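As structure tokens, here come the structures.
In the two assemblies presented below, chain A is common to both, partnered first by chain B and then by chain C.
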Partner chain A sequence: MTRFFKHLILLLIVVIWVLPFLALVTTSLRSETASKTSGFWTAFTPTVLGHRFGTHDRDNTEPFVTMSGNIFERLNEDKESFIVSGEVQSIMFTGRVPDPEKPGKTKLIRQLIYAGEPMDVRDGDFVFQSNGDFVWTFPEATAPKPKNLDAFINQDPVFGTDAYVEVLFENENVPNALISSFIVTIPATIIPITIAAFAAYAFAWMRFPGRDWLFVLVVSLMVVPTQLAFLPVLQGFSGIASWATALNAWMTDCEATKTCQVASKSFASLWITHTAFGLPLAIYLLRNYIVGLPKELLESARIDGASHLKIFTRLIIPLSVPALASFSIFQFLWVWNDLIVALYIGPADSSDLVFPIRLQKQLGTFKDQLHLLNASAVISIIVPLIVFLSMQRYFIRGLLAGSVKGG
Partner chain B sequence: MARVSLKGVNKSFGKVEVIRDVDLEINDGEFVVFVGPSGCGKSTLLRLISGLENLSSGEIYIADRPVMDLPPSKRGIAMVFQSYALYPHMTVFHNMAFSLDLEGKNKKEIRERVEAAAKILQMEHLLDRRPAALSGGQRQRVAIGRAIVRNPDVFLFDEPLSNLDAALRHDTRVEIAKLHRQLEATTIYVTHDQVEAMTLADKIVVLKDGEVMQVGAPMELFHHPANEFVAGFLGSPKMNFFDGVLSAADASQGSFRGEGLELDDVRLVSTNKVNGEQIRLGIRPQHMVLDPAGQLTGTVTLVEQLGTESVLELITDNNTPFRFATPDMVDIKVGQQASFSFNLQSAHLF
Partner chain C sequence: MKLNLGAAASVLFAATLFAGPSIADVCDTPSTLGDLGKFDGEVITIMGSMEGKDEEMLTNTASCFEKATGAVVKYSGSRDFAALIVADLRSNNAPNIAIFPQPGLAGDMAKEGHLVPLGQESADWMAENYGAGSSWVALGTYEDKDGNEDFYGFAFKKDLKSLVWYSPEQFDDNGYEIPTSMEDLIALSDQMVEDGNTPWCIGVESGNATGWTATDWMEDIMLRTTTPENYDRWVTNDLPFNSPEVLKAMELYGQFSRNDDYVAGGASSVATTFFGDAPKGLFSSPASCMMHRQASFIPAFFPNKGEELTDGSADFFYFPPFEAADLGNPVLGAGTLWTMTKDSPATRAFFEFMKEASAHEAWMQQGTFLTAHKGASLDAYATPTLKKQGEILSNATTFRFDASDLMPGAIGAGAFWSEMTAFANGQDAKTTADNIQSAWDAIK
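Our next item is the complex of A and B:
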């Protein structure tokens, strides 16, 4: 029984976590109308939706006695995606019929006409079937104007990638944001992990005075909130930037073209900031992993003549792959999803905005175009997902098997 | 020539003295075993020689070179660890080639030397495997191979057999002995197992609390232990000890009175004792014989039949426990009395 509850709770957690992603993906794959008019959960089952169709084209003025056509053909005439299919349930008839209460007069009625029932359209007899076929018959050859009718169709689920095509190809915002995010994230992951690996080895296996105190100091830096540091960090960067500007003016002939100004908010300042704030955790995690590697392995390497650098590159790095991979994922996700640091310290040019800032801006521009917003969101989710899944194979259990007893 | 000399070697961790004033001469090609109970400092002494630990004071010479300031790799030593310490991400070949690779030897020479070492250990077929795919015995063999490849002046073994099961331990022990005969390299071997010590060593160094108790050939230590500790440590079952009083002592012999025993002219090991002082008589269980007229009498408390040997545990009237071991089958039950005599040549006074 407890087992059942455990599974139930587990299932519940999984559902709660997966549901928003499912909602995002579903909405992004629906048509604009569908996403506006109904919830994502209705997208998987047939739903009754109203569609307006014209009986024939406006330039078709040839007189006829009987015209036959198909509602779905009419509806899908100009469409390449989100093809409507399903079953026509009824058509909303709007027109005048003889008034039974006042003989000789007519009254305006709105009435649902079901498949197979005749309906008076522009004085012709209009009959449709649930598969969409309709026949429009007149007593004599006529050339009526096209009539727009509202059909209620029990519509099959339909999905399309139009939203993705639109956000990715119709303007450069999302592609630019993707590129910017990669420019920020990749160095901001690789730089701290490289530094941290060296530092972690030193903290774990090299003897130097004050090692433990330094380690405690580094780890305690984890408690410094990023937000607290914005002001000094920004001041620092603008100091460096003005210094670089002066150097630029002195070293090059930029003054002629007025291009001396070096921006204080740039990709580089993001790399440095993310590195700085990622390092304490990275050093902490990696040191704790590396210190757990068997001492005899390192001693054996020392006897074999390996220097600290060789021990590091030939033993520690290959054996720390799981820890390195898990921290990379950590850092990648944190930097990729970071909004606030990028907002304050990242480059401000529209083309250099990283993904979270772009998403935030889209909230304004796409406020009632949920499908576009969601498509962008899904794109921004898919990248870390790919990173995670591809790094996952480095979480190798038993990497140390066979090295020492019981290993 | 790879002699190893230790002169006044001391090592302390903080205030704890682990090694105290060890002087030791190890000759070229000698197989020396450091043996002692756990915590006696035998592994530390080995690590001091290897350079994995730094001396507190003293001097170490390997091949007549002072090595105190040299890193492990420059001391001309190779070490085999108890836990094998193989590099798990490398194949056996690369495990063995690692040191040569670091020395910058060319590929051809590395291959030749690794293959030569693999041939000595009959493990050419294992070269492409990873350590994880090897059995315990094979792993230990790779660890030994890794040492051989370096062609060291001195081999250091740190309890290399402790992680193997009993049968494999015996085989590997025989192999190490053969290997030593083949390579004729100076070898220092640390173990707590006296059987390994007795069978492998040219010379045994018995350590206790960081001090050398006795150095000598196995049989010398067995028959002429320098003190009670060595006498009690070597030999299985342990030597029996009886309390008594010394009398009629001269430089090398004395008389023993105690436990109903009256023995004269027993070899006196502790020469600083004087007449009338408390002394202990040591006699090995194997050196006693069942003799109804014997002076030593006890009640049997346990009989162990090992097949090759029978061991009786007994207790004297003064509640001193002792053992008797004989290759013969004995027909004595628990609770019975038995009497023993023994050759005074094999008794010691401590």
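Our next item is the complex of A and C:
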């Protein structure tokens, strides 16, 4: 019985976590109007949605007695995808009719007209069928202005990859952002983990004065919030940049082409910042893992004459793969999803923006283009998903690793 | 091979079709560009809050400068501009030019000594060549570190706020007429309610700037219920927020926004409706409202991104004044202020470029740009819509800048916004006004 409840709760948690993702994927495959007017859960079954169509084109001024057409043809005229199909349930009629209470005045009415019922549109008789066919008859040949009508259509589910095509192929913003994100994330994962592995070994197995105090200091750095350090870090980078600019001017003939200026906000600044803020946790995690490796192993290696470097590369690294992998997942996800550091410290050129900034920009200017945002968001999720799934078995082992001390 | 070329050419053709006027056309203006000097390869960095379409038009306009001088203009826009520019200026990472959407922050930065004065010459130029020039100069004049006043902010892109958007088709179908006075507008709103329609779509939600649309309403009504002099005194708090004049304006705004019959979705939806979603009610099927009061930029948020204006399914009229009040035709607006944050000869040349009528016309041709430059040809306006807005500007007897932008940040971008949101949520006018006034007293 308890087992059943456990499974039930587990299922509930899974549903809670997976549902938003499903919603995102579904919405990204729906048409703009559909996703704006109805919830994602209605995407799989026929749903009644309002559509506005014009009876005929504005430049069509040929007089006629009877005009016939099809609502779906009118709606799908300029469309290549998200073709509207289904059955027309009703049309919302808005117009003025003579007011029975106030003679000589008109009164606005709004009325739902169902398939087959006649309605008075611009003094003509307008009848439509549920398959979309409509006939508009006048007593004598007239050239009425087009009339826009609101049709409620019980619409069949329709999906399309338009948003993905637009995001990936129609302009280079999202592909550029994808590349920039990789340029930032890969070094910002490899550099801290390399430094941290050396440091962790030193903290675990080398004896030097003040070792424990230094370790406490490093661990306590974990609590420094990144946001607090933006201004001094930026000032530091601008100092380095002006120094580099001067060096550049002295070493090369850049003055002729006016390219001496070294940017203080660049990919390199991001690597350094992410490295610096990732190191405390990395050292802490790896040190706790490495200190737990069997002491006898290292001692026998030392008796055999292995140097520190040899022990590190031949023994420690192969044995620490789970811890290294788990930290790289941490760091990769954190850097991949990072918005604020990239915003303040990263390059500002529009071709160099990382993915989270691009997403935010889409939200900012195209809050009405939610379908593009959804598609981009799905693309941005895929990368961490691959990283996580391919390394998750190390992740769990690595997380447990630091917690059991001994040896 | 030939086939491939043909396909490539057709793709290119399609691309230029959708991009609107190409860059070459943009720089081809009625007025000719004067000599600005040569700055081959020199980089000018610009930071601002414009994104998307505005960003595109900005870079297109700057490309005319690039072509004329050989300099390279790099623009980076972010909606977090206000936070980023402060960090950049304080850490010596200043761009050459910073475009402030509100004068308040520019003034603060001038006080910290991060802005480079543009000089008396520029101020004199603006006073002479801009319509209502002296008020624009005053807008860009701030105190520096030592308390000396200098001219820093070059107003370049204007927005018109006193507009009411509607769908001509809906007006046609329902037999409504465009009102020419506030009395008519209120009568029309009542008529709509009687007909079973909802007159207004109002939304004030805007993330951490929620409430600003409500302050625009308030300001527009202030200009229509009291004198421009009182408006100026209100901006500096010589006229307290809880004075009868301000309260009257707030109550009148309440008549519109806190009336369940008047607002689509009911009065309670005002605070939670995103300002960009509000106008969509004009075009929804069936239409959920008949009118929407908003600034000239709003067509970008229409379902077809403003194409409605060209195909005739959307239009606007001037938010009219009270006939009885006899206050002329007041107009509320705003503008972006371009400041020099890092001096360089090429940057100075860029400010000279902005004085050229041709630079204004280049942007006018692309749309969403209104100018006060007297030398710029009105024929350059991209659409009849913009031209009509230009006419509203020129017919105005009074022009006033967005008051909330002129008030100190803690009020204009703080208490005024949040209290107006509270007002939308049902707080009464007196409490709202008292709260804003006490917030103002606290920073005096």
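Here, the second predicted complex is superposed on the first by the 278 of 407 C-alpha atoms of A that agree within 3 Å, B and C clash if a C-alpha of one lies under 4 Å from a C-alpha of the other, contacts with A are read in each partner's own complex, and residues count from 1 in each chain.
We adopt the following convention: contacts are C-beta pairs under 8 Å (C-beta built on N, C-alpha and C of every residue); 3 or more make two chains touch, one makes a residue touch a chain.
Note that the structure is a prediction, hence the values are computed from the model and not measured.
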- Task: Kindly classify A:302 by the partners it touches after superposition: chain B alone (first), chain C alone (second), both, or neither?
- Result: first
- Does chain B (first) or chain C (second) touch A:110, or do both, or does neither? second
- Tell me which partner A:361 touches in the superposition: chain B (first), chain C (second), both or neither. second
- Who does A:348 touch here: chain B (first), chain C (second), both, or neither? second
- Message: Going by the contact rule set out at the top, does A:294 touch chain B (first), chain C (second), both, or neither?
- Response: first
- Task: Please work out whether A:81 is in contact with chain B alone, chain C alone, both, or neither, and reply first, second, both or neither.
- Result: neither
- Item | Comparing the two partners chain B and chain C, which touches a greater set of residues in chain A | C
- Query: What is the contact status of A:68 with respect to chain B (first) and chain C (second): first, second, both, or neither?
  - Reply: neither
- Task: Pick one for A:161: touches chain B only (first), chain C only (second), both, or neither.
- Result: neither
- Task: Show which residues of chain A lie in contact with chain C when the two form their complex.
- Result: 50-52, 58, 92, 94-96, 106-108, 110, 148, 150, 230-232, 234-235, 237-239, 242, 257-259, 261, 264-265, 343-344, 348-350, 357, 360-361, 364-368
- Task: Provide the residue numbers of chain C that touch chain A in the complex, in ascending order.
- Result: 40-43, 47, 51-53, 55, 74-80, 84, 87-88, 90-93, 169, 173-175, 195-197, 274, 276-277, 280, 284-286, 301, 303, 305, 311, 313
- Note on the structure: So, in the complex, the side of chain B touching chain A is made of residues 50-52, 71-74, 77-79, 81-89, 98-99, 102-103, 130-134, 136, 139, 146, 150, 163
- Note on the structure: Residue set of chain A touching chain B in the complex reads 294, 296-297, 299-306, 310, 314-315, 318-319, 398-405, 407
